[in-house]
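Multiple structures follow.
Below, chain A partners chain B and then partners chain C, in two separate complexes.
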Partner chain A sequence: MKNIRSGITFGIIGGLLTFLFGGWSVAVIGSLMGVGLGMGLSGKLERKNPLEIAKSVLPTALVAGAILVLLSLYQNNFVQEAIGKRPAVEKIVINANLIAFLGTVLFTTLLASLHGLPEKQEQRWKMILLGLLIIAFPFVDKLTALRWTAQIIFALIFVILGLGLNIVVGYAGLLDLGYAAFFAIGAYTTGILSSPQHGIFMNFWLVIWIAAGMAAIWGFMLGAPTLPLRGDYLAIVTLGFGEIVPVLFKNLIDVTIKEPLTCWILPGLFKLFGAKTTMACITLIEHEDLTAGEKGISPIGRPVIPFINYEFQSSNPIPWYFLIIAIILLSVFIIRRLRDSRLGRAWMAIREDELAAAQMGINPVRTKLAAFAMGATFSGFAGAFYASYIAGIFPSVFDFSASIIILCVVILGGIGNINGVIVGGLVIMTADRLFLPALKDFLASLLTHTVLPSISDPVMQLAVKDNANPILYRFLLFGLTLVIMMAVRPEGLLPNAQVRAELHPDETPVVEAETPKTNKAKKG
Partner chain B sequence: METTRKKFNLRRFAIATLVLYIVFLIGPIVGLDVPAVYASIKSNPLQLVQFLIIGISNGAIIAIIALGYTMVYGIIELINFAHGDVYMIGVFTSLTVLSLTGTLESKDPAKIVFGLILALIVAIVFCAVLNATIERLAYRRLRNAPRLAPLISAIGMSFIIENIGLMWAAQAWLVPSFGTTGGASQKSFPDMLGILFTSLGWDVNLLASTGIALRLTIKDVMVIVLAVVLMVGLYLFVQRTRLGKAMRATAQNRDAAKMLGIDIDWVITATFLIGGGLAGAAGLMAGLYNNTAWWFMGFRAGLQSFTAAVLGGIGNIAGGMLGGFLIGLLASFSDGYLNARWTNALVFATLVLILLFRPTGLLGEQTGQKA
Partner chain C sequence: MLELKDVHTYYGNIHALKGISLTVGDGEIVTLIGSNGAGKSTTLRTIQGLNKPKSGSVVFNGTELHKLPAHEISALGVAQSPEGRMIFPRMTVMENLEMGAYVRKDLTSLKDDLDHVFTLFPRLKERIGQKGGTLSGGEQQMLAMGRALMAKPKILLLDEPSMGLAPLLVELIFEIIKKLNEEGTTILLVEQNALMALSIADRGYVLQTGEVVLADQADKLMKNDMVQKTYLGVE
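This part shows the complex of A and B:
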């Protein structure tokens, strides 16, 4: 019964999503929903024979699929007319809904029934299935002309950023509110080293490593002064650095560096004693436009695959998609190894109790600096990819709100949990990039065909029209995410068991019993 | 002993020399051109006084906002991130009241005075209630949570309030002077005090008749006087009244205060009410003084006043005032002699330096394991 309820919830959410996108979207949404539902259900079920599990979840899957298809048909026949669009061609509707229904039922039962296999096999098969889905997604997207891939790439960039911040906030417990600074440093390194701005055109595959290294060096340098600080003072100081770095990039447009000894100090001394000199002033750099200020650096070089000489194009997101998937896989691999290493355990010890950890022989200075540097490295990757993908960078992208969006990703997904951060990044950024614009279009056309004609006062009409723009409320969305998550579920959607136990000290035994085994294995 | 001390000093000296060298090396990028600044001061010393006046007036506003930070931090050890944005809401509230009462278009002195007083009262009440509501919604249930939880919640609140300001600034049907450019652009806040004085037939610049080439306007005087009145009032309130005593007791030891029968929830709510009211008053003052209203102005003001609170010693009311004036002067001199675009960075650098070298601030006492 409980399962059927979650089936209904999934079906309604998926169905409402089809209201916004229409057309073929129902097929993709149905399949993704099936995967989500199957994954969700498999955690709750007992380990039985796969066939029996499949039988037991089949009603849920059927209910979810049926609700989805019903809502989608309602959308096509009634909602489309209400917002002034023609319903889609019947052939597409039938095919899309059929695929959606089958996809939901198939994926739900398949993923849930995998739970019947032994744990290792279950993990492996899930990985294979997910991998196939990830590979298939951009092609399906292209076939169905939804154009989601380009937006998903942004979500994936924020997944990498979230993974990096997770090292600092989640593992080492240092709240960094200026993380976008390292993103900026990575992006600007790429911009300076592969653009006409300075006439340097380095290979992307080299630049991405330089960007990561540069970000790591700056993570080290900006982390060093904050070492004595804790808690909210640390947060404020990192926020300060996060503010200063974009300001620097915005204003480094006329750089003149004079060697102080010959230009200032010695002439000053001579002047003080009344002597006259004709000392040559050594000027290191004169009137150099380093970052092009508000105009931003563009165009920035794109990656070229060696040997076959294929250059990535902005019109075709599929190669970019696979590139960023590869970067994420690499990052997840490195971060997992780091987490389980001596250093990773030292980070968690520092997070739990710095004093005790220091007494046990952990060097807090080195450990914290390593956390800042490693965390920054991944945003260096993300920055290099971002700069190359957008082919232009502007200082306003990297301000405080970017840091907070990344923090939102980590908090929503679950502090300290890699899978959680990936889910959090996908949820937040697809909501921001796909859902809100679609909702805006939907509301706009809905209002023009329903409410607006009945308002006679032109001022009020304009006010209603302007205010029904959800993109205006995106900061509200991020703010609400933080406040609500802190109030309701501070451990995030997919919590790290340790963090969760810490946040709910009174219900520790219950948590222990509830935590599924897979989670523990992941936690390491 | 002697040798180690000597070695230590040498190292410090080397680091200081290196830092000075780097400052002089990198300094010119940010416009720190010492000879040019020296020449400018020498050729026009009155300008220094002018920047001093501007700095003190802006510092008064910063100090009033800083009081809100310092009181809240003193009592629940939380950086109320949303406080700067409450101040921004204060600016918009007073602008809206002035617009709704028709004060913006009027030339009648009595009506302007009435409108301004009404705007002050409404802004104070609205911001006080808003600040207390924030505490009730976002902080109260996290009072015993790990320390980062309320801070993250506060950041979220700050985002929400900023967004409310963004929406507010787009409502041209409410305040016609917002125009149709959307909420993101800076809005103008009419110079009501200037209009008031011109309509009375007085000169806005109080020094106009003396022949000194300085501008000390009625706005400067109003801001400074109002700030001093509010600060003295707050100081007396905290030192003399029963509620003030309860606040100090709660700040010292919450559990002990509770045992002595102090209603902690009410004391904290009262603190937020007072802080919010001060922010509302600062909002009207800043609007009248700087003549702009912008949805993002709370962020900069908030960080400057937080720096002021830390500089003075967080939790210390007199320190908050002192810090406010100092930061105001710093910002004003940086605007004048360096470059306005570096002012924020400079304020931040100050904050970092204080936190690193004197985390208790200028007037603060030892606050234990906070920094």
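This part shows the complex of A and C:
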């Protein structure tokens, strides 16, 4: 019964989403919904024969699919008219809804029934299925002309940023409120090294590593003097750093670097002794426009695949999509290895209790520095990709709100959990990039065809039209989401086991697989 | 093995240790007793490097500890079971014990040492997958001691192992301390429970407001008038 209820919820949410996008979107939404529902259900079910599981979830899947299709048909026949658009061609409607229904039912039952396999196999099959879906997505997107891939790429950039920040905040427990600064450093390194700004055109595949390295070096430079600070004090310093960096990039438009000895120190000394000399001052850089200030660096070089000489185009998001997927896979691999390493354990010990960690023989400053530098490295990757993908960078992109959004990705997804951060990044950024703009268009056309004609006062009409724009309220909605999350599920969507244990001490403790059975006897 | 010479330690302006000198010989149990604020825990923190002495020296097997940071001192074989236990609350018992072995380079005997800790504290084995923070006070004390033992220390600093424990558990803990010592671990024990501490120790120091006021064999201290009156409650 509970399963049926989640089926109904999924169906309604999916159906309402079709209101915003229309057309073929129902097929994609149906398939994605099936995957989500199947994954969600499989966690709650008992492990038994796959066929039995399939049978037991089939009603749920059918209900979800039916609701989705019903809402989608309603959308096509009534809502489209209400917002002043013509219903889609009958052939498309039938096909799309058929695919949506089958996709929902198939993926829900398939993913849920995988739970009937032994755990290792279940994991492997789920990975294979997800991998296939990830590969298929941009092509399906292109076929159905939804144009979601370009926006999903933004979400994936924030996934990398979230993964990097998760090292600092989630693993080492250091609150970093200026993380976007490292993102900016990565992006500007790329911008300076491969743009007409300075006439340097370095290969993207080289620049991305330089950008990551630069970000790491700056992470190190910021960390070295400040990491002996703790808790709130560190957060304030990072906040300041996050403010300084974009301002710096905005103002590095007239850079002069002179060699100090011949320009100031020696003439100064001579002046001190009353001698009057003019020295040939060695100037390294004079009046150089490093970052182009407010108007930003543009265009920026794009990656070229060697041998076949294919240059990435901004009109075709598919190569970019696979590039960022590759970067994410690499990042996840590295971060997982780091987490399970000696260094990862040291981070966790520092997060738990810095003093006790020092007693265990962990060098606190060096360990925290490593967290800062590693975290910054990943934002360097993200920055390089971002600069190249957008082909232009502007200082205002990297302000405080960017740092906060990245922090929210980590908190919403589940602090300390890699999968959680990935989900958090996708949810926040798709909501921001896909959902809100679509909602804006939907509301605008809905109002134009319903409420607006009945308002006689033109000023009032304009006011209603302008204010019914959800993009204006994105930070409000964002804050509201966070408040609700903190009240209802403070550990995030997919929490880290340790955080969950802390926030819900009444639940039975999670027992690690390799440990023998715990004796649930009375406490001593 | 361990020698403190005229150690002065400050907390800001507060002069907490006013010239502490003491020695711990190889294989001994030495106890520091004294009332609240006498400087017992500060002495241990100074040895461990968590507080730096303003003057004086702490020498351990020829190395000057007061010049080293805390994490390097641990690596030399000084382990502490700190006051208030300071276990890692969100790590499991197993992970806590593993953290104890962080400084060790020889990982071959790790399994044996783990078994050794579990023979000393069978309770910990029962709770191996449980989070440290969900253990009871006594279990946390056992975990703190077990974690310190996992470092295979040359000297074990124990800060108030009996604090807040039921009398039965206190006895158990002291038996284990004695057993550890018999197995060859040197122990510096800080206690408020002077009777228990003196009964297992070889020698003892009495601390008052940051100074050593008495130093003697444990059995002689036990008979000392001042100690009896102040710390043992004998009228």
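Quick note on the criterion: the second predicted complex is superposed on the first by the 490 of 524 C-alpha atoms of A that agree within 3 Å, B and C clash if a C-alpha of one lies under 4 Å from a C-alpha of the other, contacts with A are read in each partner's own complex, and residues count from 1 in each chain.
Just so we're on the same page, contacts are C-beta pairs under 8 Å (C-beta built on N, C-alpha and C of every residue); 3 or more make two chains touch, one makes a residue touch a chain.
Everything numeric here is computed off the predicted structure, so don't read it as measured data.
Among chain B and chain C, the chain that touches a larger number of residues in chain A is B. By the touch criterion defined above, A:168 reaches neither chain B nor chain C. Residue contacts after overlaying the shared chain place A:361 against chain C, while chain B stays out of touching range. Shared-chain residue A:353: touches chain C; no touch with chain B. Look at A:345: by the touch rule set out above, it reaches chain C but stays clear of chain B.
Touch criterion met: A:472 reaches chain B, while chain C stays clear of it. By the touch criterion defined above, A:402 lies against neither chain B nor chain C after alignment on the C-alpha atoms of chain A. Within chain A, the residues touched by chain B in the first complex and by chain C in the second are 502.
The touching residues of chain B, counted against chain A in their complex, run 21, 24-26, 28-30, 34-35, 78-79, 137-138, 141-142, 145-153, 155-164, 166-167, 170-173, 180, 182-183, 299, 303, 306, 339, 341-342, 344-345, 348-349, 351-352, 355-356, 359, 369-371.
The part of chain A that touches chain B in the complex is made up of residues 175, 177, 225, 228-233, 235-237, 239-241, 243-244, 247-248, 250-252, 255-261, 264-265, 400-401, 404, 407, 411, 459-460, 462-463, 466-467, 472-473, 475-476, 478-483, 486-487, 490, 502-503. Interface residues of chain A, counted against chain C in their complex, comprise 342, 345-346, 348-349, 352-353, 355-364, 498-499, 501-502, 505, 509-512, 515-516, 518-519, 521, 523-524.
Within the complex, the chain C residues that touch chain A are 48, 50, 69-72, 74-75, 79-80, 82, 86-92, 94-95, 98-100, 102-103, 123, 125-131, 133-136, 138-139, 147, 151, 169.
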